[in-house]
Every structure is written in structure tokens, then in C-alpha cells.
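Both complexes shown next keep chain A, but they swap its partner, so chain B is in the first and chain C is in the second.
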Partner chain A sequence: MRNLLHAEWTKLRTLPGWIFAMIAAAGAMLALGLLPGLQGSCGTQGPQSQCVAAVGPDGLEVSDSFTFVHQAMTGDGTITARVSQMTGQRLGPDGEQDAMAPWAKAGLIVKDGTAAGSAYAAVMVTGAHGVRMQHNYLYDKAGPAGQVTQTQPRWLRLTRSGDTITGQSSPDGVTWNTVATVPLKHLPPTVLIGMFVTSPQYAEAMNESLGAVGASGGPTKATATFDHLDRTGPWSEQRLGGSTNFEVPGVGFEPTDTGFTITGSGDIAPAVAGPAGAGVSITETLVGTFAALIFVVVIGVGYITGEYRHGMIRMTLAATPRRGRVLAAKAAVLGATVFTLGLAVAAIVVIFGQKVLRGNGVYVLPATGATQLRVIAGTAALLSVASVLALGWGALLRRSATAVTAAVLTIVLPYLLAMTVLPAGAAQWLLRISPAAAFALQQSTPQYYQVANLYLPNSGYYPLPGWAGLAVLAAWTAAVLGLAAHRLHRRDA
Partner chain B sequence: MRQLHAEWTKLRTSPGTKWLLAGIIAATVALSALACAAIVCRASDCGQDPVKLSLTGTLLGQAVVAILAVLAVGGEYSTGLARVTYTAMPRRLGVLAAKAAVVTAAVVAAAAVAVPISMLAGHALLPAQSFTPPASAVLRAGAGTVLYLGLIALLSLGLATAMRSSAAAIGTVLGLLFVIPILTQAVSDPAWQRHLEQSAPMSAGLAIQATRDLQDLPLSPWAGLGVLALWAAGALGLGAWTLLGRDV
Partner chain C sequence: MIDATITVTGLRKRFGPTTALDAMTFTVAHGQVTGFVGPNGAGKSTTMRVIVGLDAADEGSALVGGQPYRRLHKPLHHLGVLLDAAALQPSRTARDHLLWLAHSQGLTARRVDEVIDQAGLGSVARRRAGGFSLGMRQRLGIAAAMLGDPAALMLDEPFNGMDPEGIVWMRGFLRSLAAQGRAVLVSSHLMSELQDTADHVVIVGRGKVIADTSVAQLLAAASQGRVTVGTDDPAAAQVLARSGATGVTVTGAQTLSVTGMSAQAVVAALNAGGVTFSEVSAHRATLEQAYLDLTRDAVEFRAADGPVTR
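The block that comes next holds the complex of A and B.
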């Protein structure tokens, strides 16, 4: 096997034009990633124009916008209140209409100050997802289901004990049910504690038939009545977060005989990229992958069809009569070479491309180190497996023009169709079954079930997780290589 | 004339030709019909140009056209037939012209079958009240699509003559056609995006299929087809130049 690998490496190395094609593939990725035409306005017009986004404790961008009625609390302590009513409105182009956002939130919160993105833990009732305990933007735990109505109020309690926060709920204020106990590291001795209300943006597709999404959306607001408070004043009210929470009419708070009525708009959640999302993700730096893909496909196909053209295949098969092993050795050598090259280029592009974009004043959504690593390794894997798929098409079809087209059409065309002409449903279906599913490896913005958004391919959300997308591409490759091996056995060379 | 006859014989007897011509028709019609069947229409509006939608299959059909054209040249080089050809007919440009004429004629004939079937399928699958563009625009879109596929054949033929390797030539053609639109989507500057749409062979050429919102197009339908014609002429010029300046 070692000799075979060495022989195949020598053939790849001496393939006419292969160095040119590899350099061109790397060059296309580097050029498109490092010299982007994107220009932004962040920080280019003086310090006032800095794009400051709230970044949560995990280093990801977050929304931190809500109406907060609070007081300071030093040391351990508890807050208990009853939410006796909760209503919601949607603010559309034709005025307000009654519609509760499913993820509208009202409840109790303990927070490390009022700075955007600061640590918090909260227990809350939601529009349609029952009682939840959430903390530090990303984490969500479900409690008892059911909406708050006048006949069915909900009691909530939040307890701080050192660095742990416990959220409880009760239907009557007598029997308590612990929703979750969560750790909140590095909390200072004095924190803010109180009540909050918020209600996220809604988004809906204007026309399901359009792949290029026409989305419509707008702010929503929620109003909740709190009573049976166990802490006495004074309370101060603050509207935190973005402009929407100030522009929406009616946001604020009003003391009642027994407590408060609070109205809020916004969200306390991870920020998501979407039709209305600002900034670009790190995936944007990897747009050159498509150009590189064509080059590695041409190399993969030429690696086997060249042997047929020059009659070399007869010598190869005479030297190694076990034909399947020849194909396996070729796949291993090609896959490993492309993976190595892809890894190096993707790493350079992702790391330095972000810097170039930021230097140009483009707001780049922060991504964790693990995500960046996954995107880099995923891009290398995508290119590598795609080149082996191309090798399989070449071995199966034996004519380079047909094989290159088969490989490009099965990988690139489904992506192009999904991004441009196809309706969202068909686009998602295509990105599940075609080899283009592997582009999911490049998705750098996660999808959160607790944030309502249009998670569609053309805003960078794939229907499959990255590993599953790669598995789809690998399955296609295995099938095509298997057919090719079968044909190689059965037919004369 | 002798050259035309020779090229016609080569194309006719090449084993893949009839399958590729059938493939042009099948690919164009199948993807067009699928796109029309997949779309969700609200009452009389599908949110998209119905004529353009019924010709979605051009995206796939053009790839088969490219294979046919690239193989017509590349096949000859890979088997060494090219030497015989140019020994028998030393006027190389005449051979290239004859080959271009024969391949384009075959592609246009296949496209002339595929386009009406696709449009009829679209008419049958889409709600009747959505299919109401003026007849002249429908005719222009249909005839223009046939010409579009013919120009793609010329572009591929020219590049294949210049590169002589089927794999490299088809890679270049598919890159020009499919990768530029993806890169265009990633450009956020609207002015640059428009420039790219005006100059890329596929996005400019397919402007010929639009029958509504013409004022929103990056360039007018016939001007778009003209841009593609310039690309094809450029590729053929490059092919002719390398053909004259190089050993076979």
C-alpha cells in the first residue's frame, strides 16, 4: 500500500497543470477573502461612529433590551412576585394589533448592573412557551407550561445564594416548583434585582415563493401586571438596550395599588443574523470557496481521466491488479493533499480576512474560537471530500468534460438554486439531499430555538448541522466511488 | 463547405452527441417544470416573473450545452484526431468556423425544442391568471433563450480551443457561469453588484428572459444578450489566436 500511495503521489505531483490549479484555487480563496470589496461605516467617521454591539459573557453578540424596574441588593436574598396579567401587541405598518409574541417575556431578574451584555439570570413567564429560567443569553430551561391569564396567575421567585441563582414558580404562592438552579460566576456582592418585561421583533416571510426573502417585521411589545411583591421600594425604572425600546409607544411602567404594570419591547437573547441583521459573519470571508471548488474538481477529475487519455491506466492496473486499491490510494492522496492546502488557506482567510473587514469599517459578528476552528476545518473537509467526489465522477464517466460538469452541477448548482430562485421549502429540501448540504460546515451563526427568526438558507442558516451536511457529501462520494470501483472491476481499462 | 461537411460528420458520429442533445432538452424541461411545480403562488401572483420561472431549466441546460461544445474540441485533441484534421484542412480558422457553425446549429435546434416545451409546461403548471405578459415579450424571452444557449456553445467552444484540455475548459466555463453570480451575492456595495450583474455572462445574458419589471433590470434584455455575445466573441477570438499561433 505504501508503494501504491507513493506512486499515486508522484502521479499527482507530475500531473500537468496541477500546481497551477492548486495555486489558482488557493489564490482565488485568498484574493476573495482578503481583498473584499466590502466597505462599512463602523469607526471610519471618528469615535462616534464605532459600532458597539452588546457582547455577552460568552463572547457572542447579544440583544439586551428590556424595561427594568429594579433596586440594589447586597449579598444573598430573594424576590417573589405574582404576574397576574400579560398581554401583547404587534406594531405593524397599519397600527397596533393584539398579538402576543410567543417569546414575549415578563418576570424576575438578577443582573450585574445595567451595562449591555452584563451577566444575568431570570425566571419568567412567556407568551407561548410557559415558564422559563434563562441566564447569560444562551441558556434556557423550561418550567411548567401554560399562559398567564386573569384566572390563572403565575407566582415567580428568584433566590441568590453566592454564585448560584435559583428560579421557582408556583400556581398559588404556596406549592413551589424549582425551574432551575444556575451558576452565575464572578457576580459582585451588590447586584440589581427586580422585574422586567420585553417582547422580541417579529419576522414573517412576505411571500413564501421567493427564495430571496422578502421579509417583513417590526417591533412588538408586552405589558405585564406584577403584584404580591415581597420587597418594598424604592424602585427605579430604566429602559435598557437599543432604540426600539425607546421608540415604541407605551413602553414604561406605572405603579398600581398592589404593584406595577410594566410594558417593554426588545429581547434578552443571543443576537441572530437575519434579513434585518446588521453586520456580516466570518463565513463572508470564505466566499472564494466556490472558485476553489471548481479548481479542485478539475484536479480531481483530471487525476483519473488523464490516465485514461494517455493509456497510463493500463500500466497502473498491470502494476496493481487489485483495481479497487488503486482508486482508494488515489482518493487518499488527493483528499489529504487538498485537505492540507484547504486548511492552511482557510485559516489565513478566516483569521486575516476578519481583520481586513474590520479595518474597512465592516461590522463582523463575533464568533467563538471553537466556531472559527470548525468553519476552517469544515472548509478544508468540504474541498477535500468534493475533490474525491470529482475523482469518483472521473473514474465513473471517464470523460473529463462530463465528469467535471457532473461534479460542479451536483455541488454548486443546488447551492445557487437554493440561494436565488427556489422557494424556501424546496431550497431547504435541496440542501438536505444534495452534496451542497456540506456548505452547512461554513455556517458560523448558530440557530436558537428560543429566538424567533426566519432561519433560511439565504440568511446563512442551513437545514442540517455541519457534520450531517458533511455526511451527506461523504455518502454521495462513497456511492459514486463505489459505482466507479464496480465499473473498474467489470470493464476493460 | 467541405469543412462544414467534415465537422458535421465528426459531430454526428461522436458517440455522446445524441445523448447530450437529448440531455439539453431533458435538463431544461425537467428543471423548468420542477421550479414551476415547487413555487407557491398567492392567487394571481407568484412573486416572480412567470416566463423567467418557466425557463429556470436554462441554468441546467446550459451546462449540458457546455459539455457538448467542449467535447467537440477537447475530444479531438485528446484522441490526436486534431493533427489529422489540420493536416487535411490547413486553413485552421476555416475549421474553427465550421466547427462553431455545426455545434451552434445542433445546440440551437435542441434549444428550439426545449424552450417551447418548458414554456408550455410553465403555462400549464402556473395559475392561468399569473401568466399574462404581452405576447411580444414572451416571444422575445423564448427566442432569446434559444440564442442564449447558442452563445453559451460558442463561448465554450472558444475557451476549449484556447485551452485544449476538456477538464480545464469546462471548469472555466462553469466557473464563469455559476461562480460569478454567487460572488455577486456576497458583494454588499450595490454599485459593484450592479456592475457585476451587467458584465457577468450568465446574469447579463439571462436578462433576455425577463418580461416584467424591466426597469429594475441591471441592463435591458437585448443589451444583456449583447454582453454575452461579446463574451462569446472574445472567447472565439482567443481560441482563433491561440490556434494560429501554436502547434497542434
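The block that comes next holds the complex of A and C.
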């Protein structure tokens, strides 16, 4: 087998056309990744225009934008209040319209200061997801279901005990049940405690039936009435977060006879890319993957159809009568070569492409080192296995034109359609069953169920997890190679 | 030394309605050049493809050194093959083409350079093989067949496309391979190419062996003891007929062909009869004539009939 691998490697490296195609694949990725057309406004209009992102305790970018009525609390303590009313509005081009955002939030919060992205724990009622206990942006635990109405108010209680915070809810202020007890590390002795209201950006798809998926969206706001407060003043009000919380009319607070009415807009949650988010993910630097894919598909097909075309396959099979091994050696050599090349190019593009984008004033969502590594290795794996699938088509169909067509139809076209013209449902279906499912390996921002967004392929969200997408591609590859091996064994060469 | 023989026994193969091989049986012995001759479509290439396992026979067996080819480890060390000189990827250099083949057999670049010199390709080895003439590709194919220093070689139409100088070189090369004790099977559809090269011929037509004989015997049989007489004396035919000739044929204005008499007997009879003559020679058939005699019934493509098969 070692001799065979050596022979196949010699074949691959001694054909100038394939070397050029490899260089072209790498060049396309580098050019599209490092010379992007995207321009942004962050930092390009003077120091004031810097896009400063809130980064949460886990190092990921977060939204930390809400109306906060608070006071300082030193040491352990508790806060109890009743949310007796909650309404929501959507702000569109035609003005305000009554519509509660499902993830509108109103409740009690303990927070380590007012700096954006600081640690917190909160118990809240939501627009449509019942009572929740959330902390540090990423973590969410469900409590009792049901919306707050005038006839059905909701009591909430938050208790600090050292580094743990307990959230409780009650329908009547008498019988309490614990939603969750969560750790909040390194909390200073004095923290801010109080009430908050916020309501996230909404987004909805347009043109669902035909043409590219467009999205429309805009801010929402929520208003909640708090009473039965167990802590006395003085209270101070602060609007935290980005400019939207200031621009939306009506945001603020109003003391009532028994408590407060608070209106807020924004979210306390992980930041997402896409219609309801801001900025682009690191995957944006890998736009050239698509072009590189076309080149490696052509190489993969030609790696074997070139031998059929000139009859050289007979010499190959005469030199190695065990035909299955020839196919296996080709797959191994091609896969390893494309993987190595893909790894190097993807690493360069992800690392330096981000810098270029930021230099152009584009806001790039930060990603952890592990995520960047996964995206880089995933891109290499995608290109590598796709080239082997193309080899399989070549071995099965034997003619370059037919095999390239089959490879493009199965690998390249589904991705292209899903990213451009298909409605969201069809796009997601295609990205579940076609080899293009492996593009999921490039997803760099996770999908959060507790953040309403259009999680669509063309925003970098795939219907399958990365490993499952790779498994779909690998299954196609195994099936096509298997058929090809069968045909190679059965037929005269 | 490794057993150098190639043994083909009772090979049968059909392609649809066409019988390509019909109980093909022969043996290629070591130490000589065996010509494998027959018209196009006689089954020569199919037989060779079956020997190296590219085509599967419906029946029969083909052994190289007593073993099926498929079972050989590094097979090009046992059997060097040239199946189709044109079958290479044109943009690869000649040397790189030999290099991948060498690597597949665990051989190094040094062996590649040796066979390049043997085949006389030293000056063009680093040029794209696609730019080679067919004659040069044949040399490249010979170099490829020699890579594993095999005890047996099997070459399909190696003379095709070669210039006269190349043909002379090829003949000498094949003779030297046989002299080294190797078994050499060389196919051709032109018997004349094998004149002065082959020691033995396997003549095939329509998928079966028509003759399996040494070249010497074949020529003797084709000559059939005919004597050619050059004379302008009209009495010559009568004189010879009276002297014991079984047949006298006028083959030209001044030539007769005589059977049933040796050349010496013809000279004696003509002298005794006072006939003047310019030439008496034992007729020596060319290999080509012998071949045409033998295959007259088996030729598949005839101008008048058109192709019988395929």
C-alpha cells in the first residue's frame, strides 16, 4: 500500500494542470478572504465611530441593553416584587403596533455594576416563554409557563447568598417554587440589585415563496408594572446598552403609587449575526471556500477520469491488479493533499481576513480560539471530503464531463441554491440531505433558542451541527466510492 | 531465475454476440522471441488484457511464471507489459510517467534513469510525453516494460509508428532480451515486422490459434520445395516435365516455377536437355507469404466481403 500511495502522490504532483488548479483554489480563497468587498463604518468616521462590543464573562460578544431601576446591595440579601402587567409594542415604518416580542423580558436582576457585559443573574417573566432564570448571557433555565395578565400576575424573588443566586417565582406571593440556583463567580460584596425590562429586535422573512430570502425587522419595546416591592428606595434609573434603547420613544420609568412602570428595549443575551443581530461572523472570511470547492471538485474528478480518457488506467491496474486499493490510495492521497492545503489557506484567511475586515470598518463578531480552530479544520475537512466525493463520481462515471456535472449537481449546486434563491424551508432541507450539509462546519456563531433571530443558511446558520453535516458528506462519499469500487471490480478495464 | 513462461490455456471470451477468444491456447517459452500474429480483431489484444487481468475470461486460464497475474506481488517485476503506447497523460513528462510506475513497484528514480538510457530516451526524458511521436512513445513503453527487470515481456504492436531506424533498434533490442533468457511475446498484425526477429510464431485468427510453430518450420512448409527457373527457352517446360517434375507453371515471361524436383535435379535436367537458363534457385517464401497462406481462411477483414465480425 505504501508503494501505491507513493505512486499516486507522484501522479498528482507531476501533472501541471492539477498544480495550477490547486494554486487557483488556494488563490481564490485567499483573494476573496483577504481582499473583501465588505465595507463598514466602525472606526472609519473618527474615534467616535468605534464599534465597541460588550463582551460577556465567557469571552463572547453579548447584548447588554435594558432599562434598569436599581440600588446597591452589600452582602447577602433578597429582592421580591410582583409583575402585575406586561405589554409590548413593535416599532415599524408605519409607527407602533401592539405586539409582544416572545422574548421580551421583565424581572429582577443582580448585576456586577453597570459596565456592558458584566456578570448578572436574573429571574424574569417573558413575552411567550414563561418564567425564566438566566445568568451571564448564555445560560437559561425555564420556570413555570404562562404569560402575565392582569388577572394572572407573577411574583418573583431573587436571593444572593455568597456566590450563588437563587431565583423563585410564585403565583400568589405565598407558595414559592425555585426556578434555579446558579453560581456567579467573583461577585464583589456590593452589587446592583433591582428591576429590569427589555425587548429584543424582531426579524421576519420576506419573499418566502420566491427569490432571495429578505428580512425585515426593527426594534420592539416592552412595558411592565412592578408592585409589592420589598425593598425601599432610593432607586436610580439607568438605560444600559446601545443607542437603540435611547432612540426608541417611551423608554424609561415612571414611579406609581405602589411601585414602578418600566419600559425597555434591547436584550440581555448572547449576540448573534444575521437579521436580528449586528456585524458578521468569522465565517465571512471564508467566502472563497465556494470557489475553491469548484476547483477541488474538478481536480478530484480529473484525478481518475484523466486516466480513463487516455487509457492510462490500464497501466495503473496492470501495475496494481488489486483494484480496490488503487481507488483507496487515490482517495487517501487526494484527501490528505486537499486537507493540508485547505488547512493552511483557511488558517491564513481566518486569522488575517478578520484583521482586514476590521480594518475596513466591518464589525466582526469575536469567536473563541476553539471555534476558530474548528472552523479552520472544518473548512479543510469539507474541501478534502468533497474532493474525494468528486473522485468517486469520476471513478463511477469515468467521463470527465459527466462526472463533473454529477459532482457539481450534488455538492456545489445545493449550496448555491440554498444560499441564494431557495425559500428558507427548502434551503434547510437541502442542507440536511445533500453533501453541501458539510458547510455546517463553517458555522462560527451558535444558534441560541433564547434569542429570536432568523437562523438562516445565508446568515451562517445551518440546520445540522457541524459533525452531522460532515457525516452526511462522508456518507455520500462512502456510497459513491462503494459503487465505484464495485463497478471497478466487476467490469473489464 | 523466476519461471519466465507465459501459459495461456483454453481462453474463451465473448463480447455480446461476438466471440473474441475461442479456446485460445499457447505457451511463450523463455529465451526466445515469440511473435503473436494475426489480423486486426483476431483476439491478440484481448488475450494480452486477459493475461494481465484487465479483462476477465469466461473460461480458461492465463498464467505468468505458473501463477495468475492478479496474484503476483509487484507484478511488473515478473512481467513487463506494453499494451498501448499512446495510453499516457500527455502533460506529464516521460520521466515522471516512468516515475509513478516505478514507485508503484517499490522502485526508485535511479531505475527510471537506467531504463530511460536503455530505451534511448535520455535527451527527451524531461519533455512532455504528449509531444512524443508514436515511435518515441513506443520507446517509452519499452522503458516502462523494462522497469521491473522482468523475466518475461509482453508487447502489443511495439513496431507501430516506428521509423526504419527505430524498427532496426527494436529488433535488436528484442533479440537481446531473448538472448538474456527472457520470454518475449510480441504481437503484430504484420508478419514482415517479425522477420529476422521472432524465433517462434503463434498465428491467430478469429480468437483461436491457427499455427503455433517455429519460424524455420513455417518457412520450410511455405516453400513447399518449389524451384524458380529463369529461362527464355520455350523447350524448358517440356524438358523438365519429362525429367520428373510434378508441376511446371509459367509465372512470368522468362520464369517458370517447378515442383517435385530439387534445384540440383533441375540444373542437371536443363543441362542434359541443352536448355539455356539464367537462374535456378530454390524458392524461399517470405514470412509474410507463409502467413498469408495460413490465414487466408481466417482473415476477418476482406476488401470484398467487408468485416465479418465486429
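In the analysis below, the second predicted complex is superposed on the first by the 484 of 493 C-alpha atoms of A that agree within 3 Å, B and C clash if a C-alpha of one lies under 4 Å from a C-alpha of the other, contacts with A are read in each partner's own complex, and residues count from 1 in each chain.
One rule holds for everything that comes next: contacts are C-beta pairs under 8 Å (C-beta built on N, C-alpha and C of every residue); 3 or more make two chains touch, one makes a residue touch a chain.
On a predicted model such as this, the values are computed, not experimentally measured, just so you know.
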Specify the outcome, clash or fit, for chain B and chain C once both structures are aligned onto chain A. fit
Of the partners chain B and chain C, which touch A:P457 in the superposed model: first, second, both, neither? neither
Classify the contacts of A:A319 with the two partner chains as first (chain B alone), second (chain C alone), both, or neither. second
Which superposed partner A:D492 touches (first chain B, second chain C, both, neither): second
If we overlay the two complexes on their shared chain A, which of chain B and chain C does A:T10 touch? Say first, second, both or neither. second
So, does A:E307 touch the first partner chain B, the second partner chain C, both, or neither? second
Return first, second, both or neither, reflecting whether A:G88 touches chain B, chain C, both chains, or no partner chain. neither
Comparing chain B and chain C in the superposed model, the one touching more of chain A is B
Looking at the overlay, does A:P423 come into contact with chain B only (first), chain C only (second), both, or neither? first
Please state the minimum Cα-Cα separation between chain B and chain C in the superposed model, rounded to the nearest whole Å. 8
Chain B and chain C footprints on chain A, overlapping residues: 17
Chain B contacts chain A in the complex at 16, 35, 38-42, 46-48, 53, 56, 59-60, 63-64, 66-67, 70-71, 74-75, 78, 165-171, 174-175, 178-179, 181-183, 185-189, 192
Chain A to chain B touching residues, read off their complex: 17, 21, 32, 37-39, 207-210, 214, 280, 284, 287, 290-291, 294-295, 297-298, 301-302, 305, 309, 399-405, 408-409, 412-413, 415-417, 419-423, 425-426
Can you list the chain A residues touching chain C in their complex? 3-4, 6-11, 14-17, 306-307, 310-312, 314-322, 492-493
Touching residues on chain C, where the partner in the complex is chain A: 49, 52-56, 69-70, 72, 74-76, 81, 83-84, 86-93, 96, 99-101, 103-106, 144
